[in-house]
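Both of the next two complexes hold chain A, though its partner changes from chain B to chain C.
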Partner chain A sequence: MTESNYDEIMQVLCDRLSSLTNSNVQITPETNLISQLSIDSIKLLNLIMEIEDTFDVSIPINALTDVQTVRELVDLVYKIKSAS
Partner chain B sequence: MNLLEKIDAAATARIALLPNGVGAFGIPIEEVYSATEARIGDRRVLLLGTNNYLGLTFAPECIQAAHEAIDKEGTGTTGSRMANGSYFGHRALEREFADFYQCSSSIVFTTGYQANLGTISGLVGPGDTVLIDGDSHASIYDGCILSGADIIRFKHNDAADMEKRLRRLGNRVETTLIIAEGIYSMLGDQAPLAEIVRLKNQYGCILLLDEAHSLGVLGETGQGLVEKTGLLKEVDFITGTFSKSLCSIGGFCVSNHPQLEQLRYISHPYIFTASPSPATIASTRAALELLRNGSHLRKQLWNNCTQLYSTLKEVGYELGPDPGPVIAAVVDTPQQALLLWQRLLEHNIYVNLILPPAAPEGKSLVRCSVNAAHTRDQIQYVGDTFTKLFKELN
Partner chain C sequence: MSSTITKLNAPLTQAFDFQPSSELQLMPTPTLNTLTQQLAGFNTLTSALEYAAEGVTGYNFYDARGNLRSILPYSALRHNAHTLARRLSGFNLPRGSRVAIVADTSPEFVELFFACRYAGLVPFAMPIPVNLGSHAIYVQQLRGMLESSQASIALANIDYFGFLEEAVAEVSHIQWAGTPGKLSELPALDVELQPNHPDETAYLQFTSGSTRTPRGVIITERALMCNLQGIVRNGLEIKPDDRSASWLPFYHDMGLVGLVLAPMVTQISVDYLATRDFAIRPLQWLRLISRNRCTVAFSQPFGLKLCTLRVRESDLKELDLSSWRAAGIGAEMIRPETLRNFAEKFASAGFDGNAFLPCYGLAESTLAVTFSKIGEGCKSIQVDSKTLIDKRMAVRLQADGRKQNEFVNCGQPLPGHIVKIVDEDGQQLSEMMVGSVLMHGDSVMTGYYNNPEETNKALKSGNWLDTGDIGFLFEGDLYITGRRTDVIIVNGRNIRAQDIEELAEQQPEVRSREASAFGVNDEDGTTTIVLVIECRLTSVAERQSLTTRLQQLVYMAFGVNCVVELVPPHTLPRTSSGKLSRFAARQGYIQRTNLTGQLSFVESGDR
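What follows is the complex of A and B.
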């Protein structure tokens, strides 16, 4: 997978998070999903299902343990997509 | 932020969600009069939030069995079955569950929560996969987390979505456990078991069905959704709880796979906990006998369910798709739910208040659980009150 794919994942996720949270927070790679975007556990789990469908991958929800920021979420999706 | 400050922050967030609703959770029940009535504060209330589906909490047979067990074997086992041994009652109840489900093996757990924790974490581990319904009970999620297996969710009761995720797993389907529930506790809807069984056979997975809310409720003898659908032999593992239709506390797993017996030696939630007390086992055995022969109770239960569900539906409440003993009115906000819950209590009706994220899709629920002991007049009163409040609050 190339750099542009990484950027594409970042863009798709930022767009989706923006519409999901409906907040005025400027979403950057360092934005914290919980403390800044108020994404609760159920919203995050449902977002993962959407991401799985968008990128045709399986993302175990237990892999989210280490995910706090947008960048960490993109890293996880990129890693799984690259390995698939 | 230190550890205790983190808990304070969570408490603040909880109170902010519903400032006037703190008393709605863990409400003090001062006295219990029967399977359908209790005292909350100064009010004699109708109980519609108890999961006491067959209304057996005061069944004389169960009470007598519990009394005799205490007299004979004492109040507790004071330890695990692995260390302290298995009493006659533990082994007898396991034989009776195996017989009830026509299965070769059965394990009794100390709680229903532990039945899922122990079974799931015994069946799968790191490197395996669990494919679970998105609306699964917390005990299923926690069992999956404890197992270390990869957890993939499918959309609630959506077999097509489940198949899409099975297809993505490729060869990993060989080590995949699918988990669904007979009746889901939030909206009372039933799993599309025939489609799930078809897919589990097509992809060669193992299927676990949690019959916690459907045991005693569905099927001619009360086995649950497996009996209603005629698919008992197609489900690999069935778990359930004693704390609903069986009116005690505990849980079970039954299976025709001989490997179930090995869980006694690898499942921490089975090994490292005290076994159920003699009184608990004795009342459960008596209740299971009543449940098996309780077609008249199921008939009464379903009459009550149908009556209340149709009344609420007709009035205009948004409900789950299937009539059944769990009847949840879906509202948009926690404040609307709290108001309805409070007004029902003012009319001496106790139901459950369920808020996000526990409720699906960000909605809030005012959930009733109907039982066989409710009289027609009681159900009529509840329906009339919901009708009156719908007009007042909308």
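What follows is the complex of A and C.
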């Protein structure tokens, strides 16, 4: 995978997050999913399903325990995508 | 992030290690057995497994895409558990020593659980982490359970071992921690495995993720078998052609007792989907039921809600749910609308509303207390709201137009068990009067492990268990109207108010006893957690920082959002002994925020 793939994942996730949360918060890589976007469990599950379907990956649940920001989520998806 | 990624590598290789050729050969264990069915007529779990192992049925594990990944017939479970028990014997632990197992939905967990029983050890299941950013808090939770249980051995598979390793680092009584793979490298001693006694502890069941005061329910072999008999004979009327499907976590009482142990003691097959996979794609559970013609499957109302939300018309055409005769519903307050919406949605897929089987139970009574009548569906009663609040009395609605509340009939106690309703002074109330639900019978726990204080709060004189729930009896049937204020149920998860308050009090700006947490419900029954803090901060930035931090901490620990309200000191109501009253705090919040229809009849103060 190249840098453009990373940017692509970032773009897709930012778009999804912005429609999922309907908030006025400008979503950047540093946006905190918990404190700034209030992603609740249902939204989180929806998001994971969309990520899995869009990028054809499987997100292990243990990995999410170290994710708090948009960048950390993108890093995780990128890492999994590169390993597959 | 890099350290996380290193840890991820191992599980990921496994996750992508598809073996299409072996998958093709894998067949689920059959529904019909070669063995005469015995309905929990055993003294102990191991004697039940010895019998089940004579047949051909067992456990089947499916992945997120619905492919069968592994099977564990009871015969193989018995064989593997024997071998693992001989390996565990090498630790020379005294009988009854505790073994902690992080319980994901896998054959390894079940094998370890039974290996412990064969080796005379007491297993207990620990949860897997489910929340964003919960790493540190999850490790604390594990450590709390390891300390409270004084466990000697701790196990987790490769996905979770990193967390376990962090947790055991500061726990002195742990003699060995490892993965199932590591355990299999240890020698198997050539010892004779001793039979267990019905009075021995079968397992511990932790009921809360609290880091400071975890409560491990002690369940004996006798209590377990008593409850299982009631469930499979009277509650479910299990028959030889039954088959179960489950997504319930193995670390919850309903998942473990209801959908792992109950099928085994009746020698029927089960199809498992991991909880995470269900949560993301709930329809996979229904597809399993449809494809394998399953007859018995339980869920919390939340699980049904997820299915109803996610299903598309095209899914309905592929599903045939007509085999599903017992759709057990429990583990949280049941709202009739949730069941009606599900039944309406899935009627065209052959779902029969009469399959709904509301029941009531709790881990402190092994699992089940009452079951409604099988095959009759969900029955409910409409009562007058005003009488309920003013007189704490359930009066059937006579005229239209008056405000009403509808409650689900949870049925009658299992044979040998009694339920009674009492007032604040412990005096028994008559039918239709609302009060605390107490129960008595052989399924009741011995106590909380190593925790006499909590045990004394729950077990009243004469061994009556105070369930912490509020309800009434009508014609012998139990109706639950709510929960006392010490537990908040959000999306099917029990969250102790005390645990949220403790999190808040750990912040430097919050003094002890100046935080109060409770739940409020909106019109469609969704529960929101409210955390009220008495706060001396005056700067807007500082107040905002505290609010944000508290929301984040609560999310990381419990996976839910909460409303934080900062109020001036001395706002929170206290009891005469200076204790905060959550009930009064909640009433105060509701008045401040003008929430309509929220003033509560369901709570009777704090335990």
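A few notes on this one:
As a convention for this text, the second predicted complex is superposed on the first by the 84 of 84 C-alpha atoms of A that agree within 3 Å, B and C clash if a C-alpha of one lies under 4 Å from a C-alpha of the other, contacts with A are read in each partner's own complex, and residues count from 1 in each chain.
Everything below uses one rule, namely that contacts are C-beta pairs under 8 Å (C-beta built on N, C-alpha and C of every residue); 3 or more make two chains touch, one makes a residue touch a chain.
Predicted model only: the values in this text are computed from it and were never measured.
When the shared chain is aligned, no partner comes close enough to touch A:I27: not chain B, not chain C.
By the document's definition of touching, neither partner reaches A:M10: not chain B, not chain C. Residue contacts after overlaying the shared chain place A:N62 against chain B and chain C alike. By the touch criterion defined above, A:L37 lies against neither chain B nor chain C after alignment on the C-alpha atoms of chain A. Between chain B and chain C, the partner in contact with more residues of chain A is C.
After overlaying the two complexes on the shared chain, residue contacts for A:M49 are found with chain B and with chain C alike.
Within the superposed three-chain model, A:A83 lies in touch with chain C and out of touch with chain B [touch as defined at top]. Within chain A, the residues touched by chain B in the first complex and by chain C in the second are 40-42, 45, 48-49, 52, 58, 60-63.
For chain C in complex with chain A, the touching residues are 1, 4-5, 8-9, 11-13, 15-16, 64, 128-135, 138, 159-160, 162-163, 276, 279-281, 306, 491, 548-549, 551-552, 555-556, 559-561. Chain A meets chain C in the complex at residues 32-35, 38-42, 44-45, 48-49, 52, 58, 60-68, 72, 75-76, 79-80, 83-84. Residues of chain B touching chain A in their complex: 129, 134, 144-145, 148, 150-155, 164-165, 168-169, 356-357, 362. Those residues of chain A that touch chain B in the shared complex are 40-43, 45-46, 48-49, 52-53, 56-63.
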